[in-house]
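Two complexes come next, and they have one chain in common, chain A, joined by chain B in the first and chain C in the second.
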Partner chain A sequence: MGEFIQTTIGGLTLGAQYALMALGFSLAFGILRVINFAHGAFYVVGGYLAYWITNEVGLPYVLGVIVAVLGTAAIGYVFELFVIERRIDDHLATIVMTLGASLIGGAAMLSLFGAQAAQFEGGLTGTFRFGGVFVPHARVMIIAVAGLAIAAVYLLLYKTQVGNALRALTDDREMAVAMGMRPKVLFPMAFAIATGLAGLTGALVTPQFSLAPFVGEHVLMISFLAVILGGLGSLPGAVIASVLVGLVEAFVGTYVGGSWAPLILFTGILVLLVARPSGLLGHRTIIDA
Partner chain B sequence: MPKNLAPSTTSTTSSAVRRRSRHVLLLPGITLLLVALGFFVPKLTADPFLISFVPTVLITMLASMHVWLLLRVNLLSFASPPFMAVGGYVLALVATNVTSNAIVLIVACVVVPAMLAIPLGLVLLRLRGTYFALVTFVLAQVVVLIVVIAEGPLGGSSGLSGIPPATLGATQFAAGGDLVRFSVIVALVGMALAATVSIVWRRHFAAIEENEPLAASLGLQPWRYKTYAFVSAAGVAGLAGLILINQLGNAHPDSFGPLSAVNHVAASVIGGPSFLGPAVGALILAWLVHVFASQAQYSQLLLGAALILVTLFAKRGLTGLVVDAAKFLARAVSRPGPPDTGARAEPRSAEGDTTTQVPNTLTRRESVTTGEVVLSVDALAKRFGGVAAVDGVSLELRKGDILGVIGPNGAGKTTLINMISGAMVPSGGRVTLSGKALTGSSPQTMSRHGIARSYQQTSVFSGATVRENLRRAEAFSKRWVSDEELDELLRETGLDARLDDIAGDLPYGLQKLLGLLLPLATRPAVLLLDEPAAGLEVSERGRIDQLVEWAAERGSAVLLVEHDMDLVRRICPRLLVMDTGKELAHGTPEVVLTNPDVITAYLGVADDEELADIADLVEPSVLAEPEAGTHREEEIHRG
Partner chain C sequence: MAESLLTIEGLCVRYGGIEAVRSLDMEVATGETVVIVGANGAGKSSVMNAVMGMVPTAEGRMTFDGREVTSMSTADRAKLGIRISPEGRRVFANLTIEENILAGGYTMGAKDREASVAWLFDTFPLLSKRRTARAGTLSGGQQQLVAIARALTARPKLLLLDEPFLGLSPVAIGDTSAAISVVQAQGMAVLISEQMARPALKLASRGYVLRAGALRRSGDVAEIRELALSEDYL
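Moving on, here comes the complex of A and B:
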């Protein structure tokens, strides 16, 4: 029973981390219709920014996190404005360009910090203990931040004027532009929020996992899983799917064994795509994407 | 693809339209020659650097060829590593357990991945664009995981080692020149496969890449040609796996990491859509990796930058740049003066041709009331969420009949055409063609049964010449007009003088007429025209009369959606008025256009007294007024 509860809590915290990872990715696709292959790279850059501020400059961890968010958001803003925006209507072109950005991001971190994994502790080290169940403070903090970030993105998109404008641009860019919305301001901003979330995730999560130039691949894969499973562009879908992925990984890991967990997940996704191509919660036809 | 590189210079006659261009074979020919050279010159096969470098380049080239082939049908695939893995492990298992005969191995490494691609293609090719790309990425991950889990047969994460090299007779292709030669032979097989597929179906691929809806509406079955591309691309990737594992001597899941696909995509994009693209891209990639062998980050940095720059500034890759430069040089050499002015005979198109009057010579056809009912539409409906765009519309069309469908914007006219032509699946009702139930069939099925359509916006293969547009339509369609008829159509539209012009460069009016000519030339039983006159000059509109008349004379049943009331009155003996998805009136133009309901729908007048006044005043051309906005909008799009 103790093992079951520990596994459930482990799965939920893992799921919350995955939700945070997938959030920015899902946002970029939901608003810009861009599959951001550089999402993992932004995560890594965020992680290294926080590491650099905390460990090498010697400022508090909180400042590191803030710099990570602002830095990745700024890079994302510039990248959208000067690169993606020029080919925004060509889905294949945006994939290729974000792939390019991902290569550049990984390579830059490699040349600045080396191939060795960085010793990054983060700011929180304690552990909560309820009966036989252990939960590190950092994970509780990640769950809280994930909840806040999801709520903030949801409110931004559905309860604010900017959110309405963004969704209008997604639905019918030409018409929205004719109505006076400015994609050259709003789209870079949306992409900056998405990459800023990736940076935030990197700053918070890399102390839990590991920080090396290419750990972003795993994050990218998790994001793929979550958004395919949840339905491309569906924020609630991505969140629910992330938690699901976390739970499956924890349970299969505990009761079946290592490499079966990802295999079951990935195969499950292929099967799901056959049965229900729009994902668990997606209702739009993505077949004509 | 090497289309359009050298458009033939003859013009006008349809026999010339049919003539095949020989240049298509040129580029693969040169490639084969170059590779064969490298194969036979002994100095090249003894160099220790080349012995490891050549197979590496060839592996990347074949893997990029996989990506390249699928890009030709507008799909981005990250599935090169999984199919390479299938090829590689097939080699490992066959060579270890059955035979190391090179021919058997090559055949097996093509056939097994290709066979696996058939069921996978059935599932994955239903997805398009971004989704297909994502799913192939997931597929790559799945295959690696399967290999890791299959510890028994595939060695799991420790891999399979001690794989015997391929042999032929007494020769072992294990190392040195023999390894290079074997790799080259395998690469040649892969290139020949890719070349065959991309040449035989070049029109189909190019049409899918440029304008899939149009191609489907002309009768092409996109899924079929995507499957051909996917299956052959799987075989080509399998061969890449064969070279790799034969070179390494052991098979390991790490050799097929999903992210290696990024390199293959990069090589393919940087190389460009020419057949030489993957080879050029692979060479550059391998060279980068070699130069920065000790500092991988720099090659990666350059590669990432190249990907972005090529996508932004050189859409057709490096080979495209070379071709453009060669063309530029050729032009500069052959014509020292300012290039290209007055080179082409000024066409007899409508633009400068103000003398063409709207023809009064045609008398309106009588409504056809006898004879075979070709198209029967019964209570057709389409709902988008809670909105009924089309709500129970019924109509019948006989051979040679012309039915005009009019109504205010948003009345559901285009939706009606979309459902009859198969572009949309109806929510209710039936579409029957000569007694055959076709409700909800795909556009290509509709087309194959003889339902053709034109589009409201211009829809042509805009990157190809007018001549190539016609060739493609002919290749896709089951039915086609005679040469004489095609000549007549080309003359009537003024396109005969523009056969060698790129369709996308034509003025709007001519593009629109070409978009009309393509379905017309498929000799349709039913021709659906969606606002053919929208955006045309008044002088060009007369040609619509001729074309519709031409089709009706040859027995096509024509359904014409149009806002130009003069045009509608000139050619339609019968009108169907739609409003908010429903039929509002149906009858001769004289009766229908004076119907108070119709006038209300157009002008939004509800008051009875006003109605009485307007009914006296109303000129049919006034009815066109609310649509003026549409035309203006289209004029903006033109610019």
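Moving on, here comes the complex of A and C:
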């Protein structure tokens, strides 16, 4: 029983990580129609910003997380406004731009912090203990903060006029512009929210998992699979699929063996997509998007 | 005739090498309803989209409300008070009816927007009843009403209606005509493009007939009806 609960918490932690990443990735894709290959780099930059503030500057971890979110959002804003915006309708160009940004982000972290995995200290420590069950504080915090961030994005998108505009832009950009909405104002903002979410993820989870210049690639790949599994363009789908993927990864790791997790996960996703090409909650496939 | 709201002089619209509209002169006065009649491909939608700024003006000049708008962006024209209910309706499919109408008031302050939405739901009880329904799930006629209501939220000075009756049932044509009458009663100018000219001619006072991108004839509705009948547009 203890093992089951711990595995569930572990799976939810992984799921929270993937969900935050998938949400940001989906936002950028849905609203801007940009496949952001640099999303993993923003995760890494967020992790290093938190690491720098906490371990090198010596300020509290909470401040590190806040700086990571604001920093990655600001970089995303500037990157969208001055780089992506120039070629926003040219998909090939935006792929090259974001791939380039991904390499630059990783290389910058390599130069600044070295190739060795960073020894993140000063994150949340301590454990809840109920009978024989041990639950690290950090995991509970990750799940709680991820839940809050997802709720905040939901409220922004569905309960504010800006969110209404962002969703209108997703549905029909030309008509949204004909209602007076300005992509040059709204797109950098949407992209900043997306990259800020990646930065938040990195700052939250890298103290628990690992922090090195290129660890973002793997997280992004799993999150990208979750986005497709959930149904491209469906934000609830992306979140639900991410949690599922995290749980499968954790349970297979505990009960079958860690090395089996990727194989079972990817095979499962493949089978699901053959049966249901538009994903769990999606209306379209990656081909017509 | 009242003061001119929209003036088009020598408008040319081109797609690649194809000339969709050729040196067209046109005028819409404040509060007036004008119809553009023409067969499929006559250039009606190109004129509408050029007025909204959704396709570039290759040649010619356009003024709206005393300002030159020829090279103005679509969003700026929207801000000046032009709105379109486009061909194919193009409602925001994943937004509810209410959210579509709110989106139409994006340029307004929150208070004015809320007041406008309340007025529209009063005016269109058909929409009010289903305000939380996703627009993509509605029938063609309901979507046309949403597209018109969405274009009205900001209380534009000029409403462009591109083929509002296309593909609608007789009942929906009646609902749409009634909606357009509401717009007219508000004193807004309306420019309607229509292939099936009968319902549009009932609403308009003047019209233009386009053929192959060029002006064939302009005049009051009686003249337009006569020409359209003789050339088989109706």
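The rule is simple: the second predicted complex is superposed on the first by the 284 of 289 C-alpha atoms of A that agree within 3 Å, B and C clash if a C-alpha of one lies under 4 Å from a C-alpha of the other, contacts with A are read in each partner's own complex, and residues count from 1 in each chain.
Everything that follows uses one rule, which is that a contact is a pair of C-beta atoms (placed from the backbone, for glycine too) under 8 Å apart; a residue touches a chain by one contact, two chains touch by 3 or more.
As the structure is a computational prediction, the values presented were derived from the model and not from experiment.
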{"item": "Chain A as common anchor, with chain B and chain C clashing or fitting", "value": "clash"}
{"item": "First, second, both or neither for A:81, with chain B first and chain C second", "value": "neither"}
{"item": "First, second, both or neither for A:181, with chain B first and chain C second", "value": "second"}
{"item": "Contacts of A:161 with chain B and chain C, given as first, second, both or neither", "value": "second"}
{"item": "Which superposed partner A:172 touches (first chain B, second chain C, both, neither)", "value": "second"}
{"item": "First (chain B), second (chain C), both or neither touched by A:135", "value": "neither"}
{"item": "Chain A residues touched by each partner, larger count belonging to chain B or chain C", "value": "B"}
{"item": "Touched partner set for A:70, first chain B, second chain C, both or neither", "value": "neither"}
{"item": "Contacts of A:102 with chain B and chain C, given as first, second, both or neither", "value": "first"}
{"item": "Segment of chain B that clashes with chain C, given the candidates 6-14, 330-338 or 528-536", "value": "528-536"}
{"item": "Chain A residues contacted in one complex by chain B, in the other by chain C", "value": "none"}
{"item": "Residues of chain C touching chain A in the complex", "value": "52, 54, 74-75, 78-79, 83-84, 86, 90, 92-95, 99-100, 102-104, 106-107, 110, 113, 150, 154"}
{"item": "Complex contact set, residues of chain A against chain B", "value": "29, 33, 35, 83, 86-87, 91-93, 95-97, 99-108, 110-111, 217, 221, 224-225, 228, 232, 259-260, 262-263, 266-267, 269-270, 273-274, 277, 286-289"}
{"item": "Footprint of chain A on chain B - complex, ascending", "value": "71, 74, 76, 123, 126-131, 133-135, 137-139, 141-142, 145-146, 148-149, 157, 259, 262, 265-266, 269, 295-298, 300-301, 303-308, 311-312"}
{"item": "Chain C-touching residues of chain A, taken from the complex the two chains share", "value": "161, 164-165, 167-168, 170-172, 174-182"}
